[in-house]
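Both complexes shown next keep chain A, but they swap its partner, so chain B is in the first and chain C is in the second.
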Partner chain A sequence: MVLRLDRVTKVYNQFTVLQELSLDVRRGEFLTILGPSGSGKTTVLQLIAGIAQHTSGRLLFNGKDIGRLPASQRPFNTVFQDYALFPHMTVADNVGYGPRIKGMNRRDLLSLVEQALEHVELGGMGKRYPAQLSGGQRQRVALARALINKPSIVLLDEPLSALDAVLRRQMQVFLKAAQRSSGVTFVFVTHDQEEAVAMSDRICVMNGGRVEQLGTPAQIYHEPSNRFVSSFMGETNALSAIVWSIDNDRVVLRSALGDLIAYKRPYYAFVPGAEVLLNVRPESVQLDVSGGAPNTNRLVAKVVDRAFLGPNSKLTLAFPQAQNLHWDVRTLGNHELPAAAGKAGEVTAWFRPEDCALVPASGS
Partner chain B sequence: MSGRFSGATLAKSALAVAILGVLIVLPLAVFLAHSFYRMEDREIVRAFSFANYAELASNPAYRSVFVQTLWLALQVTFINTVVGWIVARAMWRRRQRLHFALILAVAVPLLLSYVIKIYAVRMFLGVNGLLNSTLTSLGIIDEPLGFLLFNMAAVRITLCVVLLPYSILPIFLTLERVPSRLVQAAEDLGASATQVFWTVLFPLALPGTAMATTLTFVFAAGDFLIPELVGGPNGFTLGRLIFTQFGLAYNWPFGAALAVLLVVVTLTAVVLGQRLAQPRWQRQNA
Partner chain C sequence: MRPISWVLAGVTLVAFIAMYLPVLVVALLSFFWVRRGVVQWESFSFDAFAALAANADLTGVLTNSILIAAAASLLSVAVAAILALLVASRMPRAVVALVEFMVFLPFVLPPIVTGLSLLIAFREVGLARGLAAVTVGHVVVVLAVVYSTIINRLRALSPTLVAASADLGANGWQTFRFVVLPQMSSALVAAGVLAFALSLDETVVTLFLVGDSSTLPIRLYSLMRVGISAEVNALATLVIGFTTVVAIFAGRALLQHNPHEGNNA
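Up next is the complex of A and B:
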């Protein structure tokens, strides 16, 4: 571990932005801090960078408290949301800014800058000014300007939010590759959960100034620890249920849609009688086309809406037993109603016990 | 339709040109013409000659006034640009209310009468002035200092004081427009406060500095009232010289030649200032 935030609290204008937040950043990892606006994710980044000061708690870098060091003396560099390139300097001068003010001699600086520009595929662009570059190019200049200082951690504050969808994808791949090849620790802030899943080694989901869950993208996606994470991370179908019984590897649930069975995950701490929320991802809900579906977790539903989304289609299901409950189903390719649909669009949907996740019904 | 429209546009343009021509170009042309005339028996002789300019170039008294004035203007410009920067930097990023109060404090003197401001400085510097009485009552000096007024130093001090808002405001306004993100980025990359100033704030506020230096230089080089009121016999400047030629000496052609010289100096300063106000990175973006 390279950086530890130890019960860090930030109060700003009598408003608690961060509440006793603890977080470990591991050496060489791509850690994404994910959360909606107002969750405090950018504040975490600013505290690490030294742009803002925390109210209490400790900020440990390799075991040493660096909480009161000014930004200029911390071994971290930031890639800002709007890039914050110096408009009066050429691309080369922007990239070489860090080494230059530390007094590196001109010849070493020139070759270092050239190397850095090559690294971000901007060779030969050194003489241009930031205003003459495209959004993606500015982004890469900002990255090169940070990486050239060989920082222990690069902090990225929603750097892709100003780019269009296609460029965003490209930059995601590019950033990920840059992180891998440089071996530098990246702490990346975003509100876009797809981006987080696509790029990160670990994701820290934040809400209301607290960490909701910290884990790998797969853990966050498939094993959310609470309601907030399950609803924030992509689309989900939720259903209130009560834990009826628990045996070795199965949780039996009682719900408005009848008895359902969920695979028991090792971290579950539910006792019989607990109110839970069952979550099934749309892509995990299957439609019984051939009639060969297992007997567990079968739901009779009615298709109330269909939307063609390109690679797949979204069907919206309604249930006769539960009004106002709608589930979404992803079906590959054909957006026509499946052949299995009976009269009045009735279908049988089912999901595997291992494809659902339970979270406590109360709490955030 | 389009013919009528362009006719109206043409008429408007013609009006603008006519107003500019009558109010600015024509008087300047009259001046320029007068500078080639000469005086005989208190009459203006409208005969073309370079005599006034020859006199200007050959008479060492005029040359020294000219050099003295340029030197004075440069000194005032330098002092006020430095002081302007210090004040603007101190005003920078203050809390909203203090911010407003500071701008007001700098801008209010601009609304006061020029003569009143000059007399205020004169009363401050005079033998019975605030500065002398304070120093005597504090026991720092035994008797009032007489050299504070009616010489070139007094002209310099008064010009600096009266023209200071013209330095502070343009610098402050451009400084306020430098995005705070850039300062954060520089600090993040390891820059000290001094390095942030010289690598980010100063170059980005250069247009304001150019504006400040141009305004100050032009006002300082052309002013006649301050040297007249606080300069005494030694504080002689180009502006004052022009004033005496048109007034006391009643030599309009020679005064016109001096005025043309001043216009040339002023225009040069404006052109240089323009170049400074449009640094290379801004020209390239256009």
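Up next is the complex of A and C:
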């Protein structure tokens, strides 16, 4: 652990932006703060960087309280959302700004800057001005300007949100590689859950100034701890249910679609009678094409919509027992569409008990 | 072109002639003799300029005006820059409103009121009428224009640039020196040139404060009673030429304030 936010609260004119937020950042990890716009992500970065001051709580770096250190004295550097490159300085002067401020002599500075530019694949571009660069290049200048100071942590505030889709993918790979090769801890902010899953060692899901869940991408995706996380992390099929009984490894549920079985995860704290929300990802719903489906979690449904999406197709299912309930199913390619739908568009869908997740029905 | 365009073009032409013909006439008169409305082309000479150079009275008031304008522009830029930096750095709203009210008031008051008020105020604090008093008066008069030029540039400055500088280890002074000042330097130059031009032909407030000394506009005004001589034409030509150059310079500084600034929003 390098950095710990300990019950940090931030209030702006009586408006609580962060509420008793606690978060550990581990050395060398790629940690993503993921949340919708306005959830307080930028504020967290600003508090860490020292650009804003927290109202209460503690900010510990290697065990020392750094909460009142000015930004200029914290060993962190930020890649700003708008890059914040100095427009009147060349690329080289931008990148060399930190070391120059700290009094490095000209000759060392020159070679250090050139090295830093090589590192972000901008060798020889030092004499240009930021306005003469593309978005992706500016992005890399901002990264080089941060990394050259050898910070303990690099803070990145939605650095990719201004880029188009193709460039965005490239920069994701580039950033990830830069983080791996430098070994520097990255705290990366995004509102894009796919980006978070693709890049992170761990994800911290934020909402309304609180941490909803902290875990690996797989944990966040497959084992959401509440409704907010399960719905924010991509598409999901939800179904209200009541916990009927709990075995060693199974939870029996009663729902509008009949009795269903869910695999019991170690962190579940449900008691019989609890109201829960069952979540099944669209890619985990199977269609019984050949009649060999298991007997558990079988759902008779009607296909009410089909969409060809390229690599896969999406079927929308409706259920005779539950009006207004629709589930989405992903099928590979297009070929299963005619075969799966029997008489009058009726299909049998099923899912494995280990492919669903339960979250409390109440709460966020 | 449609008829309406012809009308517009005609009006524009007339306006331009009305604006610039007198200027042209003055310039002509400083090089040539005119007899019964006809320019005597063969009479070209720099005699008028030579006479001007020899006229200690006119060169004296010209020097006064230039000194006052230079001092007033430097002072007003310095004062306005400090005020603008204070206002831009998270001041309470009430303080900002008060400062801006005080800066802009002399700009909207009739110059006669400003001049009279300054005269009375200077007498109270013991500042005698003369060139120093005129300089201070000019600072008061031009401060609004100078201030608004500078504050507009500061407000356009992205706050994340300042945050980025601090984030990279710079203290407040270094951030000012390396980030804020370069961003506002062209606005400072433009504001200074503007102040210089405004001060150079300020007459009404000057009248109240100048005392026994004189400045160029005041002297020209008093010369009107005895008639315009050739060296006055030469002087006017010099002032027009100088002002034109200065205006072009200021305009360029304001327009392309930073050739390297892109869409760094």
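Following the convention adopted for this analysis, the second predicted complex is superposed on the first by the 361 of 364 C-alpha atoms of A that agree within 3 Å, B and C clash if a C-alpha of one lies under 4 Å from a C-alpha of the other, contacts with A are read in each partner's own complex, and residues count from 1 in each chain.
Note that in this section contacts are C-beta pairs under 8 Å (C-beta built on N, C-alpha and C of every residue); 3 or more make two chains touch, one makes a residue touch a chain.
Since the model is a prediction, treat every value here as computed from it, not as a measurement.
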Combined model on chain A where chain B meets chain C, clash or fit
clash
Once the structures are superposed on A, label A:Trp244 by its partner contacts, choosing first (chain B), second (chain C), both or neither.
neither
Please indicate which partner A:Ser72 is in contact with in the superposed arrangement: first for chain B, second for chain C, both, or neither.
both
If we overlay the two complexes on their shared chain A, which of chain B and chain C does A:Ile51 touch? Say first, second, both or neither.
both
Which partner chains sit in contact with A:Tyr97 here, chain B, chain C, both or neither? Use first/second/both/neither.
both
So which bits of chain A does chain B touch that chain C touches too?
49-51, 70-73, 76-78, 80, 82, 84-88, 97-98, 101-102, 129, 131-132, 145, 149
Given the complex with chain A, which residues does chain C contribute to the contact?
158, 160-161, 163-171, 174, 178-179, 182-183, 258, 260-265
What residues of chain A sit close enough to touch chain C in their complex?
49-51, 70-73, 76-78, 80-88, 97-98, 101-102, 129-132, 145, 149
Contacts from chain B onto chain A in the complex sit at residues 179, 181-182, 184-192, 195, 199-200, 203-204, 279, 281, 284-285
Chain B contact footprint on chain A (complex, rising order)
49-51, 70-73, 76-78, 80, 82, 84-90, 97-98, 101-102, 129, 131-132, 145-146, 149
